[in-house]
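After this come two complexes, each holding subunit A, first together with subunit B and then together with subunit C.
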Partner chain A sequence: MDDLNVKNPPTLKQFVPTPPRPPRQSKSGIFGTIRQRCFNSIGNSVLTLCVIAVLFYLVKHVLDWAVFNAVFIADNRRQCMDISPDGACWAGVISWFNGLIYGRFPVDEQWRVNVGVLLGLVWLLPLMSKRIPLRNVILLSWIGLYPFVGAYLFLGGRFGAELGWVHGVMTCLALAFLTIIYANWILSVWDKKGLNELFVPLVSRFVERRIHLLSFVAAWLLIALVMAFALNQVSLEPVAIERWGGLFLTFIIASFAITMAIPIGVVLALGRRSKLPVIHWLSMTVIELVRSVPLITVLFMAVTLLPIFLPADVEFNKLAQVLVAVCIFAGAYMAENIRGGLQAIPKGQYEAAATLGLGYLHTMALIILPQALRMMIPNIMTSFISLLKDTTLVSIIGLFDIMLMARNIANDKDWVGMHTEPLVMISVLFFLFCYSMSQYSLTLEKRLKVDR
Partner chain B sequence: MIQSSTSKSQKSPVKGAGLPSSATQKRRSLLNNDASRAVILQAFVLMLALFGLWFLFANASENLNRLGMTFGFDFLQVTAGFNISWSLIPYDPSMSYLRVFFVGIVNTLILSFCVIVVGTLIGTLVGILRLSENPLVSQLARWYVEIVRNVPLLIQIIFWFTVVFSTLPAPRESYHLGEWFFLNNRGLYVTTLQSAVSWGWVLALVAGFILLLYGLLRWSKPYYALSGSRSSGFYIGLVVWALLAGWALWFFVNAMTLSVPTLQGFNFSGGAYLPASFGAAFVAMTVYRSAAIAETVRAGMQSIDRGQHEAAFTIGFSRVQSLRLILIPQAIRSIIPPMTNSWLTSVKDSSLAVAIGFPELVSVFMQTSMNQTGRAIEIIFMVMGFYIFISLLISYLLNKYNDSVQYKVR
Partner chain C sequence: MMTSSGHLATKNTTNTAIKIDKLNKWYGDHHVLKDVSLDISEGEIMVVCGPSGSGKSTLIRSLNHLEDYQEGVVSVFGQPLSRDRQSHKIIHQTMGMVFQNFNLFPHLTVLQNCTLGLTWLRKMSERDADKMAMRLLDRVGIAQLATRYPGQLSGGQQQRVAISRSLAMEPKIMLFDEPTSALDPEMVKEVLDVMIDLAKTGMTMVCVTHEMQFAKQVADRVVFMADGEIIEVGPPEQVLVNPQWDRTKEFLQHVL
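Presenting the complex of A and B:
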């Protein structure tokens, strides 16, 4: 530095740096962020103030109506009006709450619905645990066996009289299967052998091959026999299918349809991707035709045309007709979802399967579909949400789902003309269900993306 | 499973070699040959489908015979005999069921058209607001979308009808805007223009003037492209066009009279009338559609590479400029396919207005007409055919358009 200064002639102008600018105003901290993002220009400030005003107005009025001026305890609508004329009358909704959830299910038997739904959830609980082997089998058993237990609880009656024998056998098998799943889970927590392993010595005395499978079957049948004796002791009051209703019916239709939609969708999607022209065109026609008509017309078709197009001696109740319609409808939409999943599978997977010498069915069942379906889980949940919302349409053709129950409150002589509160109530219920499910499916989607 | 399948496929040729029976070998080779297997499988599926159809139709004819019903479209000529509360095309009860079908179609189309136009506008706005830097605005847009999307459309339609539109005041105390618009629990009464000249001529003339202007612009384009300014011929043409248009307008304004709705007894007469059920269905479906479209728009905008935002910012574009010139033209490409679906859905969703008694296709044809004639098969096929036709048409048109806006790969 000194050398340079000496060499420079003193007459030359020297570089004088301008003084540093003062530090910029802090953008960190809550106030900094707010100022930067909400009040950085006049237009934005006006917008912010408008939004705040609108929000304040909305929240104030909604809270006034729904909470501060609302009536929670009253005997009828007139009393509600006397206490507070411009507030919500939640008393009516509260007195009808059971109706909204269970429909016209007999009050004394409503515990059966709770038990049935709880059992369905309990059945799926082991899927969360990583200790359990063969979780796909559990899922399949839920699809294939649980409906029999559920139907038994919801319908009631005795096997051989109101319910068929086949139904009874399947119910016992299903309950036995659930028992084995749970026994094995609990035993595996203590690092003990599973329940079916107890039968291995016995079975191995008679046969040599497939000992584990056979011992499992032996355990299963034995427990099923015990279940049969147990079920023989209890008798449930029969409940007519016409009395099912409310949120319960909505969920039954939606979950049945989504479980049936997956196999239908897989078949249609594979058909549409098939290279054989007849199969391709047939599946494409079915998918496109069903997708281009509204659900309500499909429902009307099921209700009016199924009796005409089926043999005269086949009788369907209205729920069965609706289920057929909703399953076909959901299946066509699911087919398009699954086709998306199939397209996302890299070509290398098909080629690798072909290299291993797997045929079409094995390639699909072992390589492609498991991956495609796994990727499809968030989409399947989204379809379930839209199906759950669409299920409200069955009220138009007269099934007493949650929507029709809510509209019926206004016909009750104590609560004549009460439309708003029930509608708000079921909107909130739907919002809670659908929103939480969609958020869950979003997190699932993120997790699956990371996994890959 | 993999193990077993490979071992099977290894075994089979050995077995085949061990059993040189010509009959089994031939059968096996037919089934193992890709081409012959494809034919057999397709023939089987086709037979199955045809058998299923035959089964259904055999049952149908038997059941129809048993119930003493007939099949045929002759009922379309029969007088319908019921009234329809609102119809855009002239209708009275002495007209035929075919007319009812057309009334339903027109009502369905007009409802879904209004929903599509307004819903798309609001949805696009909300979708862009959703990406606003202002957290308050974007959260407000987000919760609007979430709340609307997660409540079934049917509930929303019924909510708007029973809670909002049915609780409006009676005709005597209706809300009014001057003496021209009246809103009450029966619907909206609007003052209309009635012209001595038929509306067809007016429309034709308007279309003619628009075409003229377009032709003028086309004609002056080469000069504009070369010099950057319009030729004097263009301005002369524009003045002539404006004079002609002004004269036509003056002529029409003179030929027109106002039809003002006036209260007579308990109801209004004169003007045009939109029923409350139309209002409720329109508002509910528009809100619902706008939420769906907002999500589409948001997803489309977010699919654009971040570098594009930054590049636009770097060359000094304002937010509006970068949206208009950089982001929206690119986003359009990924937005159009889901937007088409959304529009199709809103045509299908218009059938939900049946729940509040709006006289659209399902309501007038699938409910009332079917109850009166009992021709379930014909009516359901006609209604479904209409929806299928519409959805094929819209998807065909939008595929065409979509092809024209996609990136041109050279």
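Presenting the complex of A and C:
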């Protein structure tokens, strides 16, 4: 190391690497593999046969019940029994299917639920495309603006009347924002300028700085105005919150909890690590209190205790109370997940950020949290999945979510005592959702891996 | 504001960049820095060496307040630093630092690592920031890697990114905390070359390093520390070739 420019002495022998050997070829095909693994000895052969027999027995019974002996068309449970006494009676689930999905939402207005959910998904679709700039803004707009559109569609009423004009304005802004996102996306496919860029020449006449931001605002407001005139013409049938239910309600509670869990969790996690004693102890109390109590207790407390603390003239509906409770519950669990991620960030990252001159908020928002959240994707997704399943508990305090709707089927006079089939149906639905969530988390993990 | 030492810097500078006055630091009962006083002139290349545990890293990290110290004053360009907002501002405007473990931000590309401070703190437009960062990356010879992530680079390349990340903030003083200690031997040279280039531009540099060859080649003065005290200060030919103290001789025998 004492000379920086070490020259190779010419007398050294030239190094010649050994050429690599080809890998060993496997000659056996799929049958060979099975024979090698499952029938390589007498004991293993017997075991394999036993397992096959048990599996066959199980699968046959399940299929017999669920498919071959099942009844798909019947008017009531008695008919089901008459046709096939030991098969599933899917006819009941089919006739109640609408109720399982929409709860007691009026049948004529159910298209609004479809449109609302679809709009929500459509809003998130651009996040998949790499062409779109500022995808974080789209996500934020979804969190901040979409609820207004959703609430307008689901609750209905004359525009701006039942829900108040603030809500109306926000709905217009939200729809205008969505329009701009999609218009710009489509325009960008043809390499055209975005809608907001149309206003640049006009805006640059009046101001000199922040031209792009202001022209975006101008385009946004103009489209919102158009939206307001259009929406003024339509009047939707009002639907009371009490009539919301089924999978739709489950989705609302779960997606609300999932979106709020991260911000609440971040605030609580940072608060718990704060050096200011008041903030530290406050966050710690919230986290520990909520975590040491079952969700069902939190829900009951929200419904019975919350009204006591509020002034008498403020009246929340049950759904709002439940949403608050679930959000705090989810946030407290999320806070511990995020804290785990924060602890895994090496001290050097803080030091590097500090030497660049980044303050606390910049350091957290740009350096620490992006890494901590990415590192914790598997844990966060696990929390989300259990949250989705936990929302079925709201049926206990009398919200008609998918669980309560399913149990209601057994009370219908036509389908008295039918418990198994609706629950099987729900299990399949939940499996589909949870499994796709966990698969999505895997792809997300690969895409956002911190240390590439 | 003249340098107080008799062994003057070879460069003709009159301004003191950093003045360290009787710095004292304890970890519990352990006295890590004992009355350390040192003046560093503007444009001077100061190499700090010494056995491990001698407090050289603590000293350099005290300069930009990554470490607390209990007694003493550090002044930067005549401004005594304290713990207030104003001092932090001075530190961030004048000093950049390069770490032993690079400490690049792994979730950002090489280019984003360099432009982060420019766009968020300087409020520079993205295009200008990119241009400036690319110029710096070009200077350290890794412009072609701008879109890669730190995890895809070798140690030497990462350290060069770290240097350009610091340089992007246009510091007047660069602090190097053992910049080559975590590198494989064959990568040490590429980082040292960048540092030598930087030294030629007249940057004030404080380097904690074991690279004695580098010290001999570019240092204006070498500080030898042991047990939290400065034992010898002087031009490299004096401290490294002709040491006056037994501790220095012993250390140099181990290193060279």
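Miscellaneous remarks
Following the convention adopted for this analysis, the second predicted complex is superposed on the first by the 393 of 452 C-alpha atoms of A that agree within 3 Å, B and C clash if a C-alpha of one lies under 4 Å from a C-alpha of the other, contacts with A are read in each partner's own complex, and residues count from 1 in each chain.
Assume a residue touches a chain if its C-beta (ideal position, glycine included) is under 8 Å from a C-beta of that chain, and two chains touch if they have at least 3 such contacts.
Just so you know, these numbers come straight off a predicted model, no measurement behind them.
When the two complexes are overlaid on their common chain A, residue A:S129 makes contact with neither subunit B nor subunit C.
Look at A:Q371: by the touch rule set out above, it reaches subunit C but stays clear of subunit B. Residue contacts after overlaying the shared chain place A:M403 against subunit B, while subunit C stays out of touching range.
In the superposition on chain A, contact of A:L356 is made with both subunit B and subunit C.
In the superposed model, A:F430 makes contact with subunit B only, not with subunit C.
Once the two complexes are overlaid on the shared chain, A:T443 sits clear of subunit B and of subunit C alike. Counting residues of subunit A touched by each partner, subunit B versus subunit C, the larger count belongs to B. After overlaying the two complexes on the shared chain, residue contacts for A:T392 are found with subunit B alone; subunit C is out of touch. Looking at the shared chain after the overlay, A:G348 reaches subunit C, while subunit B stays out of its contact range. Look at A:S235: by the touch rule set out above, it reaches neither subunit B nor subunit C. 356-358, 362, 366 are the residues of subunit A that lie in the contact sets of both subunit B and subunit C, per the superposition on chain A. The touching residues of subunit A, counted against subunit B in their complex, run 37-38, 44, 47-48, 51-52, 54-55, 276-279, 282, 289, 291-297, 300-301, 304-305, 307-312, 356-359, 362, 366, 385, 389-390, 392-393, 395-396, 403, 407, 419-420, 423-424, 426-427, 430-431, 434-435, 438.
Those residues of subunit B that touch subunit A in the shared complex are 1-2, 5-6, 9, 38, 41-42, 45-46, 49, 56-57, 59-60, 62-64, 66, 133-137, 140, 146-147, 149-156, 158-159, 162-163, 344, 348-349, 351-352, 354-355, 362, 366, 370, 376-377, 380, 383-384, 387-388, 390-392.
Chain contact summary for the complex, subunit C toward subunit A: residues 64, 66, 88, 91-93, 95-97, 99, 101, 103-107, 116-117, 120-121, 149, 151-152, 162, 165-166, 169, 185, 188-189, 192, 211-214, 217, 256. The residues of subunit A lying in touch with subunit C in their complex are 1-5, 346, 348-349, 351-352, 354-358, 362, 366-367, 370-371, 374, 450-452.
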